[in-house]
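Shared chain: subunit A. Partners: subunit B in the first complex, subunit C in the second.
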Partner chain A sequence: MAYALEQLSNGLAIGSIYALIALGYSLVYSILNLINFAHGYVIMVGAFVALSLLQAGVPPAFAVLLACLSGVAIAVVVERVAYRPVRSSNRIVPMISALGAGFVLSSLAQLIWGPEVHPFPQLIPRVPLTVGALTLSSQSVVILAIAIGLVLAASWFLHRTKFGVAAQCVRQDLEAARLVGIPVNAVIVAIYALGGFLGVAGGVLFAMYFNAVFIQMGLLATTKAWAAAMLGGIGSFQGAFWGGLILGIAETGAVATFGAAYRDGVSLAVIVLVLLLRPNGLFGARLAERS
Partner chain B sequence: MAGTTGMSRRQLLRAAGAAAAGAVLPGAFAGRVSAAEEVITLAIAAPMTGDSASMGLNAQRGADAAVAMINAAGGIAGKKVAYDIFDDQGSPREAASVARRILDADKYAAVVGHVNSSCTLAAMPVYSEAGIAVLCGSSSNPKVTESGWDNIIRMTIRDDYGAQQYSAFAANNLGRKKLGILFANDDYGRGLRDEMVKAAKALAADIAAEAGFTPNADKDFSSVISDFKAKSVDAFMLNCNYTEGGLFLGQAKGVGVAGIPAVGPDSLLYDEFISLAQGGAEGAYILAAYDPYSQAPKPKAFMDAFQKAYSALPSQVAVFTNDFFLLAKQLMEAGATPQTLVKAAKDAKFDGAGGHYEWDAKGDVKGRTFAVVQVKDGKFVSTGKSVDEKGLEKLRG
Partner chain C sequence: MATGPAASRIGLLVAVIVLALAPVILPGRFWPHILSITLIYAVFALGQNVITGWCGMLTLGQAGFAGVGAYTSALLTKDGGVPWIFAFLAAGALSGVAGALLAIPCLRVKSDFLSLVTIAFNQLFFVVANNWMDLTRGPMGITGVPGMGLFGWTARGPAQQLWLMLAVVVLLYIGVGRLTAGPIGRAWNMIRDDETAAGAVGVDVTGYKVLAFATGSLLCGLGGSLYGHYLQLVSPDMFKLDDSLLMMQMAILGGLASLPGSALGALLMVLIPEMLRSSSPWLITLRPGIAGAILVILMIWRPHGLLGTGVPPQLAIAGHALRRAFGLKPSHPELRS
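Showing the complex of A and B:
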C-alpha cells in the first residue's frame, strides 16, 4: 500500500510538471490553433537562464522570477519573428515556422551552454518526509502545490479578468474580436507571454526534480506537453492540467509495473485509447473544432 | 559545430588520402616495413568524427604522448616512430573501408584500434587476410577474440568477464546479496546485464530488482528508486553512463535512500558523475579497466603529463593507445618484426601506464581485474582494492 502511494506521489510530481508545461502549450493552441513546437525549447532556454543566474549568485526566488520573465521575453520575440508574419498563411506554414524557431533556440542554447547535462541546484530542499510507512520526497509535495497554485491563478486570470474575457473572444472569432475593438495582437502576445511564464516555471521545477538541465529537454518538454494536451483535450485549459497529471501517473505506473523501457510506450498507448474512445480528449468535448 | 566537424573530417580524409598515395611508391619497392627503413609507422584507426569522436581525440593524444617519449629516448632500435590516423567515424561500414586503405598503403607496422567493438569486428576480416598485427585497446565485445583471428590482442577487459566482476565485487567484496541492476536498454547494456545476472546466480546473490532505461532519453528514475527500495535492494548496480548514474543517485538521495553502495563501470569515471549526483555519489565504487588515480610511478607520470598538456583526464583509449606504442617498442627492440608482433606479445610481459599486461592465446589480457576507484569527499580516489573473483571460476570453464 505504502509502495503504491509512493509511486502515486512520484506520478503526481512529474505529472504536475507536465501539466504546467502543457498549460502554455494549450493556451496558444486554443487561441490560434497553432501547434507550438517551439514551446519546449523556450522552456529549456528559460531553465538554462535560471541555472546561469543561480550560478552568478542571484538569490533563488529572484533568479527563478527573472528566468520566468526571460521565458516571457523569448516567447514574445518568437511570436513576433516567427509566428505573426505567417499568422494568416495556410496552417502548415506557422507550424513549420514554429519547428524552425525551436531548432534555432536549441542550437543557440547549445552554443551558449554546451551539449552536456548540467546539474541544477536544489532550491526546494530534498528531505524525505515520512508519514507512517510512507516516504515521500519533500520536493514532489511542494511541486504539486506550486503547480496547483499557478493553475488556479492562471485560471482566475483567464476567466475573471477583462483581459481573460478578451482572450475568450479572440479564441471564438479572431476577426469578429478585431471588429468590436479588441486589440487582437496585444491579446495574442499576452497569451504567448503567459505561456512562456508558466512553461519556464514548469521547466525550472522539471530541472530541479531531475537534478538536470540539458538541451534535449526542449524536445522532451514539447512531446510531453503535446501528449498531455491531447489527452486532456487540446485547447482546453483544465484539460491540459488533468492531462498532465494523468500522463505522469500513467508513466510512473508503467515504469513500476512493466519496467522503465515501457514509459513512453504505455503513456502513448493511453493517449491512443483516449483518442479512440473520446476523440476530443477527456475534457475537450465542449469545444467544437474551429477551422 | 556541424560546420567545424565537417571541415576536420574533410581535412582528415584528405590527409589520409595523401598519406596513402605517398605510400604507394616506396611501398612498391620495400614491401611492409623492413629493417632498412628509417621510420616505423603505425596506423591508428579510431573515430575522429561522429558520436564517439572524443575517443578518437583521446587516441591521438595518447599516441602523441607515446611518440614524443619514444623518439626523445632514441626511437625504436634507432628508428623514429610515427603514426597516421584513419577516421572510422565509429561506423562499421567505414571501418571496413579504413582497413582496406591501411592495407593498400602497405607501410604500417601494425594497426592500433579500432575503438568501437562493432568497428573492430567489421574490419578484422580484412586485417586477418593480410595478417597485419592489430593492437586493439577498448573493444570489449567477447567476439573480438572469440572469432578465431590470430593477429589481434586487446587491452581492455572483455564485457562478459567485466560484468561478472561487477557482481563479484558486490557479492564478495561488499557482502551484498540483494542486487538492483539499472541498465541501459541497448545491445551493450543488455549484454552486460545478462552476464551480471549469470554471475550473481553463481555467487548465490539475488537480483532483487532490475530496470532498463532508454539511454539519453530517460531522466526520471523516481519510480525505479521506489521499486528498488520496496524490494530492499542492498547494492545499486549502475550499468550506465555518468549522466544517468549521477541522476539516479541524486534522485535516490532526494527520497532519503542512502547508505546503499553503488557499483558501476568506468563510464561513471567523470567529474560530472559526482556533480550530477549532488552528494548522492559519496562512497560509490567504480571498477575501471585502468586506475587513473594510481600512485605507482608509471601511471602517475603519464597522468600528470597528460593533465598538464590537455587539462583533462585521459580516458582508457588514451592510456591503451599510449601503451600499445610502448609495447611495440619493447617487442621490436627484443627482435619482433611486424609479422611476429602479435605472437611475441602473447609470450611477453609488459608494464605500461595502464598497469601490467599479459595475453593469453586468444589475445585477451590475462589475470587482469578492475582497479577499484571510490568517491570520497566529492572526489575520486584509488582504493587499492581488487575484485575478489572467488566463485567465478565455474563460469569460465
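Showing the complex of A and C:
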C-alpha cells in the first residue's frame, strides 16, 4: 500500500510535467486545429538553454525564467515564420510546415549542443520525506507543487482576464472574432507564447526529473503532449491537465509492473486506445471532428 | 517537365535508358549502389506520395511498413525457402493489410490523427524488431538474405540487381500512374481537396482513405523487400522514424501527387547527402534542418513541391511573382481553402 502510494506520488509528479507540456499544445490545437509538431522541439531547445545558463553560473531561478522566456521567443518566431503564412491553406500544409520548423530547431540544437545526452543539474534536492509510513521524494512533491501553481496561474489567465475571453472567442470562431475587432493575430501569438512558456517550464522539470537533456526529447515531448491531450479530450484546457496526470500515473504504473523499457510505449498505447475507444477523450470537452 | 502523356512517356523512357546504361558506363560499385538505393527510395517515396500527395493524409511512419515488408520477404526466402518473387508479393500484401488495419480506427476521425498514430506504429515496429529475438534476430538483424531472382535465375552483381529493380520500379510507377489517373485517383484527389464535398456527392470518404493508406503501405512493403534483398541484410536500424521522415521529405520535395516528383525527390535526398558526405561532415548534421527549412519554404510558396501537379514550376514561380505584383490570389487555389 505504501509502495503504491509512493508510486502514485511519482506518477503525479511526472504527470504534472506532462500536463504543463500538453497545455500549450492543446491550446494551439483548439484554436487552429494544427498539430503543432514544433512544440516539443521548442521545449527541447528551452531545456538546453536552461542547461547552458546554469553551466554559465546564472542563479537557478533566474536561469529557468530566462529559459522559459527563450521558449516564448522561439514559439513566437516559429509562429510568424512557419505557421502564419500557411494558416489558411489545406490543413496538411501547416502540419508539414510545423514539422519542417521542428527539424530546423532540432538540427540547430544538435549543432550547438551535440547529439549526446547531457546530465541536468539537480536544482531541487532529492531527499526522502517521511510522512507517517510513507517515504516520498522531495523532488516529486516540489515538482507537483510548481506544476500545479503554473497550471492555476494559466487557468486564471485564460478564464478570468480580458485576454482570456478574447482567446475563447478566437477559439470558437476565428472569423467572427476578427469581425468584432479582436486582434486575432495578437491573440494567436500570445497563445503560442503561453504554450512556449509553460512547455519549457515543463521541459526543465522533465530534464530535472530524468536528469537528462537530449535532442530526441523534442519528438518525445510532442508524443507525450499529444497522448495527454487526447486522453483528456483534445483542445480542452482541463482535459490536457487531467490527461497529463493520468498519463503520468499510467506510465509509472507500467514502469513499476513491466520495467523501464516500457515507459514510452504507454503514451503510444494510450493514443491508439483513445482513438479506438473514445476519440473525444475521457472528458469529451470538445468533439473530435468526425470525417 | 512532363506536361502530357506523350511527354511523360518520353521522360520515363529516357530515365529508364539512362539508369539501365549507368552500370555499364560508370565503372566501380559506387554509382550503381547509389542508383540502386535511389530506386528503392523511389518506391518508398511513391508509397508516401499515394497517401500524402494524392489523398492528402500526412503519414510519418512509412518506414515501419517498409520494415514489415522487408522482414516478411527476408524470413520467407531465408527460413521458408520461398522464391523471391512470391516473398516480394507477400511482403506487399502483408504491409498493405497492416496499413488497412492501422488506418481503419484512425480514419473514423479526422485524418490529422493518422500522423501521430503512424509515428507510434513506427516506434512500435522498431521495439518489436529489436526485441522479438526468436523471429527477428534482434538488433543484429537478419544477415545473409538471399538475392533477388526470377524463375531460377538470380541477379548477381550490381548491374543485374539494378536492372531487375529498375524493371520492378518501372512497373510499379506505371501501375500507380494508371491507378491515380482513373476513378480511384480522382476520388482520392477530391477527398484531398474537399472532404465534405466528396462525401456530399457520394464518395465513400473513409473507404477511399483506407484504400489509399493500404496502397501506400503496400508499396512501401514492396520497397522494403527490394531493400532487404539488395543489401542482403534486414535490421531494425534500417526502418527508424528518421527514415520515415526522409520518405515524407522526398515525396513533398519532389512533388506531391507527381510520379516524376517522387523519383526526383528520392534522387535528390539520396544523392545530395552522398556528395556532401566526404567534403563537409557538418552539413550532414544540418541535413534534416536544411530539409526542414526547405519544407517550410515550399509550404509557403509551392505547397505542391518541385514537380507537383498543376503548372510547370517555372511558370508557377513567374505566375506567382506576377500575381504578387498585382495583388491577385495566390496560385494553387485547390490548396488554399
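The rule is simple: the second predicted complex is superposed on the first by the 267 of 291 C-alpha atoms of A that agree within 3 Å, B and C clash if a C-alpha of one lies under 4 Å from a C-alpha of the other, contacts with A are read in each partner's own complex, and residues count from 1 in each chain.
Just so we're on the same page, contacts are C-beta pairs under 8 Å (C-beta built on N, C-alpha and C of every residue); 3 or more make two chains touch, one makes a residue touch a chain.
Everything numeric here is computed off the predicted structure, so don't read it as measured data.
Residue contacts after overlaying the shared chain place A:Gly11 against subunit B, while subunit C stays out of touching range.
When the two complexes are overlaid on their common chain A, residue A:Pro183 makes contact with neither subunit B nor subunit C.
Shared-chain residue A:Leu108: touches subunit C; no touch with subunit B.
Contacts of A:Leu99 after superposition on the shared chain: subunit C is touched, whereas subunit B is not. Contact with subunit C, but none with subunit B, is seen for A:Asn33 once the two complexes are overlaid on the shared chain. Of the two partner chains, subunit B is the only one touched by A:Val127; subunit C is not.
Contacts of A:Pro119 after superposition on the shared chain: subunit B is touched, whereas subunit C is not.
Applying the stated contact rule after C-alpha superposition, one finds that A:Pro59 touches neither subunit B nor subunit C.
The residues of subunit A shared by its contacts with subunit B and with subunit C are 110-111, 264. Listed in rising order, the residues of subunit A touching subunit C in the complex are 33, 35, 81-82, 85-86, 88-97, 99-104, 106-108, 110-111, 115, 219, 223, 226, 264-265, 268, 271-272, 275-276, 279, 288-291. Residues 1, 185, 210-214, 216-224, 226-227, 229-230, 243, 246-247, 250-251, 253-256, 272, 275-278 of subunit B are the ones that touch subunit A when the two sit in their complex.
Against subunit A, in their complex, subunit C makes its touches with residues 52, 56-58, 60, 105-113, 115-117, 119-120, 123-124, 127, 192-193, 195, 199, 205-206, 209, 241, 245, 248, 252, 282, 285-296, 299-300, 303, 334-337.
Within the complex formed with subunit B, the subunit A residues making contact are 3, 6-7, 10-11, 13-14, 110-111, 116-117, 119, 122, 126-128, 130, 135-137, 139-140, 209-212, 214, 216, 220, 251-252, 255-256, 259-261, 263-264.
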